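In what follows, structures are represented as structure tokens.
In the two assemblies presented below, subunit A is common to both, partnered first by subunit B and then by subunit C.
And then the complex of A and B:
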């Protein structure tokens, strides 16, 4: 795929993003047409419409947006740190670590559902999640560290951790709410069910902060792609930078997982497509990746909510359904 | 003051000493070449100076300062290193690669200044890669790619250049081009250049100071005229060489060799 011009790509993506968000807002059991939707957003909606949009759909979509930004950026960070395009926080067990801690925390409060939690508890959740993600990352880093960390080892250890922790999470959830497999699935496959403005307020500052911190480091990330030796010659302290970037990824993944569970694969898909569109320069592909990620997750969430109504499938699964075939197509097209 | 001072250096890998108890002075403002058989430790030596490898014991001083106590970016403004087989990210353009060489001189958010762009252009011209500037590095041939990497090291604008087998994949004319370029940089700008090289005759012709290594030890060091002797060549390579002098009687040429 030849690289496309940056302004065109951004233009198309912004258009797609707005379209998909509007689609997500209009599409639902309570139908609202596009023209009506514009009225609602301008403040002229009926009470029913306002509830549907402002209390239920819009917060959910906004949470999806920031989760999308977080996971794509975390994926990009991990791909740079491991110098492997197959790394993302889902695959490497960092999301799983976050999910594990959140699940334990919620159960320790004697509850099984977010809605029953007090405000204080809700505000503590992202911190718990980031702690879990951090511990998972430290564990993976330590296990891969034999006289220096080899990127390949990081991935393999991470993959193992992911499988292991997912199993533990499922077990804990099933034990806590016997037979309620749905709940377990939420955590291991990711779901935006029940998102509210509270969630949004709680994780957005963290996500935006680390997103911008990551963008700020774009040059360092570019140079870290040059291997284990050259960056030293250019003045970069590889181990220090690796740890810092890993920390950013952990914070982003933790915040995202705190409200959406373990959504894997998005952090892999979005940066990959972005790089194909605008090249490997971090200055360009990180923002493009974030946008692509938002489009995919909002679309996937809309599909998850509506296509099997009244059932809802976890958004993580839908993303795989959309993403995997496209991914395979890309791989086949590769020379 | 000597440019690079190595004292009592021990560098090991996997509990095994590759370099043991080495003492060496590399002169300032000269072209120094390190030669020796495969596995003798030449790359290890270069990488230790470049801070890529950490010595087990001993000290390395560049311009009188202990390299372990230097700030990384600071060092990178004075010493550029080009290791063997550098990795190329997919889809990276040649001009982007060369621009990386300016990293030690840039601040975190800054773009390329006018001076940066000047240096990048200059580096690309000197290595004859300007025509490939907008192509991806991975689409180039081995030799072209090597020149692009050298351009990056040049763009770093340092007084010391450390190059590990920079001409290995180049054909004769490109080898000559690069070595003449390095010689020019040395003669015109006084840059100190340390090169690990395999081609003996090129080493003899272009270096001011040759270091011959074997099994992690220095067997001889000095000007090519002094130290490249049939005896010394036998000592490090185990071959019987026949040497002659070049037209101007400045450096030895190996005209044939056998076991």
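And then the complex of A and C:
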């Protein structure tokens, strides 16, 4: 793919994002036509339409949007830190760490997933999730340290941890309620079911804060991608920067997992496609990646909600149907 | 070898005697040699013994598939479930059950075989091309991607056909449904595995030395790789059809075997069979005992034991 000019790419993506979000709002068991939808958004909807849009669909889509931004940015950060374009918080066990902690926390409260969660619990969950993600990251980082941390080893250890942590999550879930597999699936595959404004309010500040902190660091990241020696020569304290960026990734991934469970491959795909479109400059590809990620997750969520109505499947599954074939194609093509 | 043999016998005895109901050794002896129609003896004959045999053979098969894959791909973390072959078989079984068709063991086996064939050929496609300088992270990621894909599809199918509880069993593995006919099926598959692997062992030795040396010694590494995969596919399918997807056995066991008997695959492969049996017999015992009276999926145990081994192996590699 040739690099496209930045304004054109941005224009097309903004258009696509708006279209997909509108589609997500209109599409559902209770159908609302596009024209009606515009009326509803302008505040002229019927009571029924308002309920469907403002208390059910819109919060869910907005949660999807912030989760998309977070996962794509976290993936991009890890790819820079490890200098390997195959890194991602989902495949490397960081999301899984967050999911594990949330599952333990919810279970210790003796509650079922998402029902009757008190406000306090909802506010505590992102904190718990980030802690879990951070512990997983520290664990992975320490285990891959053998006379220095090699990026390659970091990824491999992360993948191993991912499988292990997911096994523990499944184990806890099965033990908790004599085999409620669906509930375990929500955390191991990622789902946006039951998202409300509360979740949006809780995680959005965290995600936006770290998203902009990451963008602010774009120059450092551009240099870091050039190798080990160059940044040191330019006076960048590489070990410190690496840890800091890793922490941003952890916070983003943890916050996303707190509301949506463990969604894999999105953080791998979106930055990948973005780099193909606009090149390796972090300022550009992190913002483009976030938009692509939003488009993918909102579209995937609409599909998960509607294609099998009245049942729905976790959005993480839909993303892996789209993501994995594309990813395998990439790997085969690249050698 | 003698030690692991003794361990295996002890394991089998424990496996037959313990469970939701403990049974004395005397009763076990009687139920084999002086069979009476009482509940405990029925339990031993029809459930405990076939189950123990199944876990023994399945463990052995998983051990040798891992050893063979590691040998031909020259990659110490290659293993059927890490590479996604078992998950392909699992997906096929999910499709079979969702379509409400009469399955039975043979149906399972056929479906698992077709699934393993598709995923096995895909993995072969990845590893045949550039095994010479195939980067470990890439191979692993390809495997992770494939297995995620298969399991996601299977989960979606199971959720939609309201059979997810059922699928959980296949995804995480277990011997809950093992009967005498599954023991027979596994014995046949196991025999195929033993014969096939001893035929291939010497060639795997040569391929494991490296691409150039193998060609220099007059072996075509690609041919050996294809043959090995063709053998691995029915082996995996057999295990998945009976016990679902049990990961990491093929990763842990050959590592230990290599420590014990050196680098010769003619020794590593049989040793992996025995050690794999030991591991799975004991894993099955713990799967039954840990959360009495419920069973815990055996694949979770092997994963939790396996991950540390995996990480040790990764740390050894020069990254």
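Note that in this section the second predicted complex is superposed on the first by the 326 of 335 C-alpha atoms of A that agree within 3 Å, B and C clash if a C-alpha of one lies under 4 Å from a C-alpha of the other, contacts with A are read in each partner's own complex, and residues count from 1 in each chain.
Note that contacts are C-beta pairs under 8 Å (C-beta built on N, C-alpha and C of every residue); 3 or more make two chains touch, one makes a residue touch a chain.
Since the model is a prediction, treat every value here as computed from it, not as a measurement.
S.K.: Looking at the combined model built on subunit A, do subunit B and subunit C fit side by side or clash?
M.R.: Aligned on subunit A, subunit B and subunit C fit with no clash.
S.K.: Return first, second, both or neither, reflecting whether A:331 touches subunit B, subunit C, both chains, or no partner chain.
M.R.: Only subunit C; A:331 stays clear of subunit B.
S.K.: To the nearest 10 degrees, what angle do the lines from the C-alpha centre of subunit A to those of subunit B and subunit C enclose?
M.R.: Rounded to the nearest ten degrees, it is 90.
S.K.: Between subunit B (first) and subunit C (second), which, if any, makes contact with A:151: first, second, both or neither?
M.R.: Touch partner of A:151: subunit C, not subunit B.
S.K.: Counting only touches as set out at the top, which of subunit B and subunit C does A:59 meet: first, second, both, neither?
M.R.: In the superposed model, A:59 contacts neither subunit B nor subunit C.
S.K.: Of the partners subunit B and subunit C, which touch A:316 in the superposed model: first, second, both, neither?
M.R.: second
S.K.: Give one of first, second, both or neither to describe whether A:227 is in contact with subunit B, with subunit C, with both, or with none.
M.R.: So A:227 only meets subunit B here.
S.K.: Of the partners subunit B and subunit C, which touch A:24 in the superposed model: first, second, both, neither?
M.R.: neither
S.K.: Report the partner of subunit A that touches more of its residues: subunit B or subunit C.
M.R.: The partner with more contacted residues on subunit A is C.
S.K.: Identify the partner contact of A:190: answer first if only subunit B is touched, second if only subunit C is, both if each is, neither if none is.
M.R.: neither
S.K.: In whole Å, what is the nearest CA distance you get between subunit B and subunit C after the fit?
M.R.: Distance of closest C-alpha approach: 14 Å.
S.K.: Find the residues of subunit A that appear in the contact set with subunit B and again in the contact set with subunit C.
M.R.: Of subunit A, no residue contacts subunit B in one complex and subunit C in the other.
S.K.: Once bound in the complex, which stretches of subunit A touch subunit C?
M.R.: 84, 86, 91, 143-144, 146, 150-153, 155-157, 159-164, 167-168, 170-171, 174-175, 178-179, 181-182, 184-185, 189, 264-265, 308, 311, 313-314, 316-318, 320-321, 324-325, 327-328, 331-332, 335
S.K.: Show me the residue ranges of subunit C that touch subunit A in the complex, using the header's touch definition.
M.R.: Where subunit C meets subunit A, its residues are 77, 82, 125-126, 129-130, 135-138, 140-142, 144-146, 148-149, 152-153, 155-156, 159-160, 164-165, 167-168, 172, 247, 291, 294, 296-297, 299-300, 303-304, 306-307, 310-311, 314-315, 317, 319.
S.K.: Show me the residue ranges of subunit A that touch subunit B in the complex, using the header's touch definition.
M.R.: Per the touch definition, subunit A meets subunit B at residues 3, 83, 216-217, 219-220, 222-223, 225-230, 232-237, 275, 279-281.
S.K.: Which residues of subunit B touch subunit A once you look at their complex with the stated criterion?
M.R.: Those residues of subunit B that touch subunit A are 47, 50-52, 72-77, 79-83, 86-93, 96, 100-101, 103-104, 106, 108-109, 153, 156, 162.
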